[in-house]
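The first chain written gets the first letter, and so on, giving A, B, C, D, E, F, G, H, I, J, K and L; residue counts start at 1 in each chain.
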Amino acid sequence: MQVLVLHGPNLNLLGTREPEVYGTLTLDQINVRLDAFAAERDLQLRMVQSNHEGVLIDAIHDARTWADGIVINPGGLTHTSIALRDAIAGVELPTIEVHLSNVYAREPFRHTSLISPVCRGVIGGLGWIGYRLALEALLDS
Amino acid sequence: MQVLVLHGPNLNLLGTREPEVYGTLTLDQINVRLDAFAAERDLQLRMVQSNHEGVLIDAIHDARTWADGIVINPGGLTHTSIALRDAIAGVELPTIEVHLSNVYAREPFRHTSLISPVCRGVIGGLGWIGYRLALEALLDS
Amino acid sequence: MQVLVLHGPNLNLLGTREPEVYGTLTLDQINVRLDAFAAERDLQLRMVQSNHEGVLIDAIHDARTWADGIVINPGGLTHTSIALRDAIAGVELPTIEVHLSNVYAREPFRHTSLISPVCRGVIGGLGWIGYRLALEALLDS
Amino acid sequence: MQVLVLHGPNLNLLGTREPEVYGTLTLDQINVRLDAFAAERDLQLRMVQSNHEGVLIDAIHDARTWADGIVINPGGLTHTSIALRDAIAGVELPTIEVHLSNVYAREPFRHTSLISPVCRGVIGGLGWIGYRLALEALLDS
Amino acid sequence: MQVLVLHGPNLNLLGTREPEVYGTLTLDQINVRLDAFAAERDLQLRMVQSNHEGVLIDAIHDARTWADGIVINPGGLTHTSIALRDAIAGVELPTIEVHLSNVYAREPFRHTSLISPVCRGVIGGLGWIGYRLALEALLDS
Amino acid sequence: MQVLVLHGPNLNLLGTREPEVYGTLTLDQINVRLDAFAAERDLQLRMVQSNHEGVLIDAIHDARTWADGIVINPGGLTHTSIALRDAIAGVELPTIEVHLSNVYAREPFRHTSLISPVCRGVIGGLGWIGYRLALEALLDS
Amino acid sequence: MQVLVLHGPNLNLLGTREPEVYGTLTLDQINVRLDAFAAERDLQLRMVQSNHEGVLIDAIHDARTWADGIVINPGGLTHTSIALRDAIAGVELPTIEVHLSNVYAREPFRHTSLISPVCRGVIGGLGWIGYRLALEALLDS
Amino acid sequence: MQVLVLHGPNLNLLGTREPEVYGTLTLDQINVRLDAFAAERDLQLRMVQSNHEGVLIDAIHDARTWADGIVINPGGLTHTSIALRDAIAGVELPTIEVHLSNVYAREPFRHTSLISPVCRGVIGGLGWIGYRLALEALLDS
Amino acid sequence: MQVLVLHGPNLNLLGTREPEVYGTLTLDQINVRLDAFAAERDLQLRMVQSNHEGVLIDAIHDARTWADGIVINPGGLTHTSIALRDAIAGVELPTIEVHLSNVYAREPFRHTSLISPVCRGVIGGLGWIGYRLALEALLDS
Amino acid sequence: MQVLVLHGPNLNLLGTREPEVYGTLTLDQINVRLDAFAAERDLQLRMVQSNHEGVLIDAIHDARTWADGIVINPGGLTHTSIALRDAIAGVELPTIEVHLSNVYAREPFRHTSLISPVCRGVIGGLGWIGYRLALEALLDS
Amino acid sequence: MQVLVLHGPNLNLLGTREPEVYGTLTLDQINVRLDAFAAERDLQLRMVQSNHEGVLIDAIHDARTWADGIVINPGGLTHTSIALRDAIAGVELPTIEVHLSNVYAREPFRHTSLISPVCRGVIGGLGWIGYRLALEALLDS
Amino acid sequence: MQVLVLHGPNLNLLGTREPEVYGTLTLDQINVRLDAFAAERDLQLRMVQSNHEGVLIDAIHDARTWADGIVINPGGLTHTSIALRDAIAGVELPTIEVHLSNVYAREPFRHTSLISPVCRGVIGGLGWIGYRLALEALLDS
């Protein structure tokens, strides 16, 4: 099984940015852990991080040609990007939305996701483990 | 590790109620699978299902004396019960909210959870596996 | 034809509570009249009144095993209980919502019913006769 | 007892218009059935259908001189016509609002009735029988 | 000076309709008083009452050919008719909106007028005298 | 008949402030005209202008001891002062609210008056004549 | 192909009413141009203009018996008439909504159309050419 | 004088639950203090605590037969339970609503009470003393 | 203990203003009763009443130099004055908000207090006794 | 005449993405048809598609140097991009907004366009023909 | 150049009031620094502080006779005073609004300024330096 | 001191775009003036302009390695970009938001900034001088 793991804007700051909210692991460290998890299963991952909405959309489009599913943490675009939503709806791959922090416990504008309605499921507030659980869910479905 | 698994109103109908939304497994079948999962880990589960808000609150209060965490699917109370929210906040046990269906893709009144802000995390839309992933998250934290 | 007649919170006060709003008949007197009406038709009624949301939900679930339809006056739960709504939607019995008073002419929070969208129909403002008309509607459908 | 039965805009399309929503009976067929029902009771009906708000208001005003009550299905004017509401309030005849479909289960703009607060009661979602039940309610009151 | 005096829906009920709100004068009596007032000034009035929005709009359009101003009590259309508003804006005659009752002290949906922004002024709550004051204002401007 | 004529904040700027909105007459000129009008009738006026909400409230309270009615242009306090509203309601003198400009055709925050519901009537958009018409209305009632 | 071209309230004022908004062509001139366009194609047009909502609804109902499509400029009814919407939905003819001005650039209450959701498409802001383009769209579909 | 003192959901956690919000006294300790206060006056108290809405409603109904007043801290039900509100309105006993914390300084959903409008008065933010003051108010009225 | 007792706008009308809402005691009578109460305790009171927001703010500022607490009935300013709120927050004296009437049972604009969030507690609906209870609460804290 | 034809995010998926919504033509096929149409008129087209908001803005800026008009389908950015709106307003070229689907009949968040108010006109719901009609409108204006 | 520097309600508390929000400088110290700055330029300042809205309005009116510009920190009146706004708009002097704290990062009711739309510019969150920068802006314009 | 000066979307159009709103200086001319100002102080500036949200975010991230502060004019992204907000919050450099025009006096959607709450301060409406004042503020802090 091939999975695209998409990290949205500002996730490259992980480990240094507001660690009390997002934890102390860097994005590279998370990716290494996910690859280790994938190695134990029949799972290949491609990680993409970008601060550019367009790059994320392009990556989702491209996934049509090779991926069996998507795990996406859309960062701040979660609440504002209809274009990203349309991209996910357009490629029709099973997609799971992940948030490191519990977005529902933060500012009101983080409580509404434009992405969730076109995803199979949502995992939030569980830190980096949320990514791993999302991969498990794709494997088990 | 001891975990209270709480199933809210109408979850006793699982398997017969709107299976296109909630799946074909009965609640007993889900509980059996969760017990099997728990048996592989150092994990003891107590399942409680009730259609009575008060019974759910009592169970949460009681958990202070024996549990290390809570997995809760509050059903329709998710969106209406401040009393349930206060119970979870009051016992200060790590709690993970689970929904079988993707509530964010359904009626607007299901998009807002009064429970999420007092939980550690939320898992939605992944069917019965969501419960298992929630247990994993409690184990890993 | 077997019908569950459900009376929600505070309906046990009928006859004494705000008679200018709800009339002077007691709940027992209404039930007697409904039984008299049923006796003239091929109709058996079971009346349940409770101030407990959970008891009402349990009764709806139980009706799957014996009833052909439900007449429900959800009282104040009309406007607040998604759990009750989900119960009605879950059992898939034809259900008619009844209100003694014209709820649309009272406080704004009584104008919205969470129950109506999952019922076959709604009858409001016609006093105890509304129950009888609801039974007729079930018989005629 | 003399009753004005008012059918609002587009009800002349009944039987052909969206039959999955409004049923397969034509308006004439419904009127015939209502006349048959009236014939069994001490009840005379005058039916009026119009797509013109003004004609409906004129008919309500006129009813002051001859009718003992009104049964009205205001169609799409239900949600928009304060003038119709004022007409009903102005003539002070007992009035019952009827909807063929369950308006509360349709688009949000159909959930609010400007007419209901000035009616004695409301019957919705029960098809043509709703008219008959409304007549019964007028007879019994 | 020639003035069109337009009375909207339900104003033909004046004197009998809710006299505690609208007063005990009939529309004819008001019109007679206004004609008497006009006779004292260089003022000719044409009164039109209709329950039909379209008739009111037609009368406004027609006024372009003969009138120097309009006094309008749009009744319930005040709050709902953009078509009436556009008619007033389209003919570009000085127009004064009159309400017999103090609409701002009644139901919230009567607090917003679609008509006021295209009128020169508004007079409300002063009973039939409001019409006379509106004529004075047209004369003095 | 004795009438208090109250001019609220910024009305002392009349004639110089935004004359395209408020006209070119100064407040003194308006007061002179109103006194001339009063001289023709059995009418005594006391004018008060203040930019201080408290002074306006004090003047209203004081009017209980000598006035038969109030004409008030509350200026910007129209939309914000519950205290002013309570003062008018508290003294129970017939009160008419006047605005020089058509407030309903200006910014949305000028469309809602906290004062109107406790006044007998409202006159807006007719310039200084609005004050004179308000006095007429008090005389005629 | 037979097409009903419906002009709603106030469109009879075209050419004289606010020409900076609606242009200088009269409705007759527009109709002549549309007939000329139709003459070049296999297209017969019937134009109806009315300020009466009911007349517009009647015309739509009538179109079921002879027309293959509808082009409608509902004027001010665009934003307020559920009855008109229901008429269009009820006859199930392909319908295109046209506005001469760019309604989305005007007052907020003109931004929402009750009609658009039941039309095949919408053309706005392009002046009289919008009607011609709507006819082309019907021909090409 | 006989008074029902009702403690709603989660108040059994007092002393352990978020003591910085609710104080360090247990519910039993508060009840003891209230009984001591009652002993000094001609006052008998019955305390009921429940996490079940239905139990609270039943207790209010029951109070009709023996109590002269009610002091209620509805906990989280304050903001969600119309059924509880209807119960209080239905029994027509003087009722005072008490909150330990200043609910108006907490989350927005705690700012609106469905209960307050049917109570004689409200006391909030004064800790356990609020109960005592409520009893005083009942004694003094 | 020294306490500032602040009476806001219109409270000088007490006893004459809408006695069915505010009671028949004059403000002087209330102040006399409060002084009598204070005389029994180690309590000195200074009463200030003003219809001027600025005077109330000045009095609050001044209280920093001599008072141990504040009891304030802000009248209509309760719902509109951020400046008053900031004054209370700025002086950091324990403050209790009192309302004679049950503001939560009146017009919607009286349901929201800008003052409550910066007070220790709120007492409403208990008439003049509310002031006495507020003093007790200050004494007991 | 030179026209920039801008296709926004996800339009590169056309033909494969939700064909029941967007049709079965690919973007290349649409562009070929538009070029064929342009060849018949004095019209040169440059097509740009991008999933990057910034690329679209850059293209609009660049058009100032060579284009006489713009046809834009902003895709999901329609509802979220003020930057795109400002770009169109900034270059002051006649611009027509096109949508393939009838956005007004879809999710509520698609009903509001930030782009429409700065365009000359809008065409929606007519499939690829909408682009052709937009070009005609530019030619005819 | 002559400038009125207006300090609104509660700014006299500076240095003692919530220093973590407003800083430790007293208002006098700020005024001294501003005078020092003015002494270096061709600038004369008059400072006015008041907790009375009316005094602030009077000062603004008075400035017409001597000042070339205004720097105003309206304090809590920023969000509530239309009268203050109208005063600024009425005198037509260039005005700059200053806030010591970053009001946009505080409670939601501080995010909206009624004053800003009638000012030339706004400076917020920069402490006392904001006043100095505002003076510079007036000098440079 | 090193400062990143970020110019958001469409600011490259300055001088040509709507000069009555944004002034006649080009962006290059503004940058030259800012460099001149910097040359007089111990200040080095790097200017970045982009129409790409992602480029702006990348530049902010990069600034962590070399800058002491940021001055940002986010253009249209001010009101829509949570990603930009998160970038500023993530790098924890003192940041000042600048707008050339008075955004609070323009369309309502420009009144809310997602950026302001994570900045130290905001300067708006003062033209290019706003940038210079922002630099001064950074120097002085």
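What we mean here is this: a residue touches a chain if its C-beta (ideal position, glycine included) is under 8 Å from a C-beta of that chain, and two chains touch if they have at least 3 such contacts.
Since the structure is predicted, the reported quantities are computational estimates derived from the model, not experimental observations.
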Requested in this report: Work out which chains are contact partners of both chain J and chain K.
Outcome: L
Query raised in the report: When the contact pairs of A-L are compared by residue number, which of C-D, F-K or A-B has over half in common?
Result: F-K
Query raised in the report: Fitting the CA atoms of chain C to chain K, what rotation angle results, rounded to the nearest 5 degrees?
Result: 180
Requested in this report: Report which interface contains more C-beta contacts, comparing F-K against A-B.
Outcome: A-B
Query raised in the report: What is the distance in Å between the mean C-alpha positions of chain D and chain F?
Result: 47
Query - Length of the line joining the C-alpha centres of chain D and chain I, rounded to whole Å - result: 54
**Report entry** Separation of chain B from chain F, taking each centre as the mean of its C-alpha atoms, in whole Å
**Finding:** 62
Report task. Mind pulling the residue numbers of chain C that touch at least two other chains? Result -> 52-55, 80
**Report entry** Pairs of chains found to touch, sorted by chain label
**Finding:** A-B, A-J, A-L, B-C, B-H, C-D, C-H, D-E, D-G, E-F, E-G, F-I, F-K, G-J, H-I, I-K, J-L, K-L
Query raised in the report: Tell me, which parts of chain L touch chain A in their complex?
Result: 52-55, 57-58, 61, 80-87, 89-91, 114
Report summary line: Residue positions on chain E within touch of chain F in the complex are 96, 102, 104-105, 111-113, 116-127, 129-130, 133, 136-137, 140-141
Report summary line: In the complex, the residues of chain D that touch chain G are 8-10, 12-13, 16-18, 50-55, 75-80, 109-110
